[in-house]
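Got a structure here, written out as structure tokens. Questions coming.
Chain nomenclature is as follows: A, B and C, assigned in order of appearance, with residue numbering initiated at 1 for each chain independently.
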Amino acid sequence: MATQSSRSAARLMMAPAVILLLGWMLVPLVMTLLFSFKKYLPLRGGDLGWVGFENYVRFVTSSAFWPSVSATLIIVGGVLIITVGLGVLLAILLNQPMWGQGIVRILVISPFFVMPTVSALVWKNMFMDPVNGLFAHIWKFFGAAPIEWLSQASMQSIILIVSWQWLPFATLILLTAIQSLDREQLEAAEMDGAAPLQRFGYVTLPHLGRAITVVVLIQTIFLLGIFAEIFVTTQGSFGTRTLTYLIYQRVLESQNVGLGSAGGVYAIILANIIAIFLMRMVGKNLDQ
Amino acid sequence: MARAVTSRRKIINTAAAWTVGLLIFFPILWTILTSFKTEATAIADPPVFIGFDWTLENYATVLERSDYARFLWNSIIIAGGSTILGILVAVPAAWSMAFVPSKRTKDILLWMLSTKMLPAVGVLYPIYLIFIKLGLLDSRTGLVIVLMLMNLPIIVWMLYTYFREIPGEILEAARMDGASLKEEILYVLTPMAVPGIASTLLLNFILAWNEAFWTLNLTAAKAAPLTAFIASYSSPEGLFYAKLSAASTMAIVPILILGWFSQKQLVSGLTFGAVK
Amino acid sequence: MSHIKSLYAATALTALTATGALAETTVTIATVNNGDMIRMQGLASEFEAQHPDIKLEWVTLEENVLRQRVTQDVAASGGQFDVMTIGTYEVPIWGQQGWLVSLNDLSEDWDADDLLPAIRDGLTVDGELYAAPFYGESSMVMYRKDLMQQAGLEMPEAPTWDFIKEAAAAMTDKENEIYGICLRGKAGWGENMAFLTAMANSFGARWFDEDWQPELNGEAWTETVNFYMDLMNNYGPPGASTNGFNENLSLFQQGKCGMWIDATVAASFVTNPDDSTVADQVGFALAPDNGLGRRGNWLWAWSLAVPAGSDATEEAKTFIEWATSKEYTALVAEKEGWANVPPGTRTSLYENPEYQEAAPFAEMTLGSINAADPTNPSVEPVPYTGVQFVAIPEFAGIATQVGQEISAALAGQQSVEEALEKAQMLTLDEMEAAGY
């Protein structure tokens, strides 16, 4: 269909975006790669020469490496399950006839507008503080000993905070998808005597497949890099050190840029492994 | 009979939805309430909800200590600038992907998204060194560029999905009428895509507003936005919940209000191609 | 002829002063959001009034963020700041690297000889003073006189760790949310590890032997951490593993702690009736010992330094001279009262009768500061300087990770032995990476 000239025009129009992103990816990537093969200690005089794969070996053999990979996966996985699960339920609820739908929708999407630093600070101090936090007050009111959220249930706490931030996003996308669902289809299923649960399983859920894929993809991209939530709350203590946070510790706390860069390369590899899975999934869904 | 059932269902729905909505909104509400308390009331046990002596002293303290207007202005410029610049770069790219797709279009799109997966901490050092060389440290220009690049993949993706929903026949018709490429984009495509572009603008404005890694690490005084403002109110000495709440409220209220007013546009457009 | 010359000169002079008045130099100051620094920021308008050619830009950040920002900037020579607020840990390391401007040439009036010797030594490298102390601190015991009396005990001026434990047990009343002792538990080299390193000194432990071999899984460290764990688990507040200086401060101010061993600067906060519910009941004692000749008190000074990359070195020095001068102290005293002046830097302050009158903790603070010896911190000889830290660039990274292991042990997620074993391993690993 497209003519030769429109093809080259198309390429030309894509060029700025592609070149910019290529630069944004390649320049730091190449520098990171260079650093990762060097002993680079800014506090000891900077560039101290090539060391081959030493940084790579050291990063992987450190006792903190595998726990950090699993912490990353648990946080990403946990948040995805919660936001998609609750997101579907919320979307269905919000799609029902009710009074004040607009206001409820505003209430539900609000957490998305709160900057991560603020939400982490608020949750940590005003809710999860074991002495002055609201949760502690509630627990004490019911005669229970307050939970030390950020130490005893550190992972759950972080997942809770991050899920609160991302639930609105998931809900919104799923809501738009549900609204596009053919009411007749549902009514037909109802006529056929399908129970509500069946209707949900056979009609609603398959229809949402594509939306869920999109939610998973976009959120994973953001969740792999979460930093502020951990920096503000636990600083990586109590098993919450993700790969991103481990790299931060190497680069900024230990000021070992070589080692941190090697970690960065691992993080890129991990991200790409996850990306390949996701892309397959999305790719299929995009084709239809 | 049927009416009675529906209205009862409506009552149940309403009750359930409002409960959930208020629960989700509660942390924000609590922060705003706390910002009007004294430090002592803020940690009172049992907690007080409404029945306290409302005070503005926290806001006065925060305004006296920080140049709020400058932080706010920087946030607006950085978030706005990066979003607008991003859209300018992304519209042509998304257009060509949507209307002149090639075999590689999808690969390029997915590759773009994958650039977002580079861990920011890992490349802080290289970027910092580059910024020193270019003299971009603590400049709004530098942040506008970085945040634009960060959000570009999302912008391209969103626009691409909107453009794809526009029926090709309309463009064909325009072309038959002798419209040039520029006219086609400007007068046919863009108006049709306005809801999508609006939604993209809003989402990316929010993302840029809330970005807290680069905005904190690449600025000092001149270009520091609200994310840096808030970094001076976390756990100083002594009681700080009320002051922290006031500062938090000041940091999130502008974007909250924007979000509330524009929620229709945001919601209607936020599909990422999830709806066929 | 000479007439014309002088006319020329006069014109040139006017032009010069005119441009001088126009060319305002901006001094960007990075500082911590601690109370004393916020006060300084508030009073800085006086400085700007005195120096119309200097404009101050403030970057006030939470401690962790600040440290990350200034380290990053100085290490990469970013040149974003003209004045940096740093501590006794950074100054010797950065000074040695040539990253800081020497302050030896500050004016006579500033009176460097008035600085407390322990503090001044900590900021001097090879005879060059690289930072001016803004406030200095050691650590000491702060306790509730009323609770101590109820428990039928009397706090000696120089308690032992065993007495502290006895007193903590006697004062604890968990029903009424009164905890015998509050100590730092939050992970970080400047948080729990500052306290523990100082405490370990009094138990005869050290970070490294003379060949830079870490000793964290040794007997002395195990004893230290077990003692600490015992105190915290039995008599400490809930959630102690996330309590830092500030969390403990607010607990103490709310009357929930019987004793608190922490920075001497806290003394003015806990005795301030505006913030503290127990202001009139606070007593002070030296940090505890174990009869080995070392006390568990540290030495720290938040100081102002000029990074070598600054483009306003002279103006930055002018500001530092003002902010750390006796005049500044007098200014604070006049506006906010003597109890609120930045403590712990000058001999003259402790000789001032007005200050002694207003600050009941003055004597104990001075005694604690003088008792700290950064060059011989522990019972055994060490290859490093620093009381609650080891002045090598790697320490911050190492100690933060060690602190996380101990914090996890305090939260009950692992045993003390496991924590120290991991700490030893990671310290070895980091030291090896640094080339020791």
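Observations on the model:
Quick note on the criterion: contacts are C-beta pairs under 8 Å (C-beta built on N, C-alpha and C of every residue); 3 or more make two chains touch, one makes a residue touch a chain.
Fair warning: this is a prediction, and the values are worked out from it, not measured in the lab.
At the far end from subunit B, in terms of centres built from Cα atoms, lies C.
Annotation: A-B is the more contact-rich of the chain pairs A-B and A-C, by number of C-beta pairs in contact.
Annotation: 39 Å between the Cα-based centres of subunit B and subunit C.
Averaging Cα coordinates per chain places subunit A and subunit B 15 Å apart.
Subunit A and subunit C, compared by their mean Cα positions, are separated by 37 Å.
Annotation for subunit C: residues 68, 72, 76, 247, 250 touch two or more other chains.
Across the assembly, subunit A contributes 132, 252 as residues in contact with two or more other chains.
Among the residues of subunit B, those in touch with two or more other chains are 43, 124-125, 129, 231, 234-235. Within the complex, the subunit C residues that touch subunit B are 28, 30, 33-35, 38, 41-42, 57-62, 65, 68-69, 72-73, 76-81, 244-247, 249-250, 253-254, 266, 269, 275. Across the complex, subunit B meets subunit C through its residues 39, 43, 64-66, 124-125, 128-129, 131-132, 137-138, 216-217, 220-222, 224, 228, 231-240. Listing the residues of subunit C that touch subunit A in their complex gives 64, 68, 71-72, 75-76, 93, 97, 177, 187-188, 237-239, 241-242, 247, 250-251, 256, 393-394, 396-398, 400-401, 403-404, 407-408, 410-413, 422, 425-426, 429-430, 433-435. Across the complex, subunit A meets subunit B through its residues 2, 6-7, 9-11, 13-14, 16-18, 20-21, 24-25, 27-29, 31-32, 35, 90, 93-94, 96-101, 103-119, 121-123, 125-127, 132, 134, 137, 140-141, 164, 167-168, 172-177, 180, 210-211, 213-215, 217-218, 221-222, 224-225, 227-228, 232, 243-244, 247-248, 251-252, 257, 260-261, 263-265, 267-268, 271-272, 274-275, 279, 282-283, 286, 288. Looking at the complex, you find that subunit A touches subunit C at residues 39, 41-45, 58, 62-64, 129-132, 145-146, 148, 150-152, 231, 234-239, 241, 249-250, 252-256, 259.
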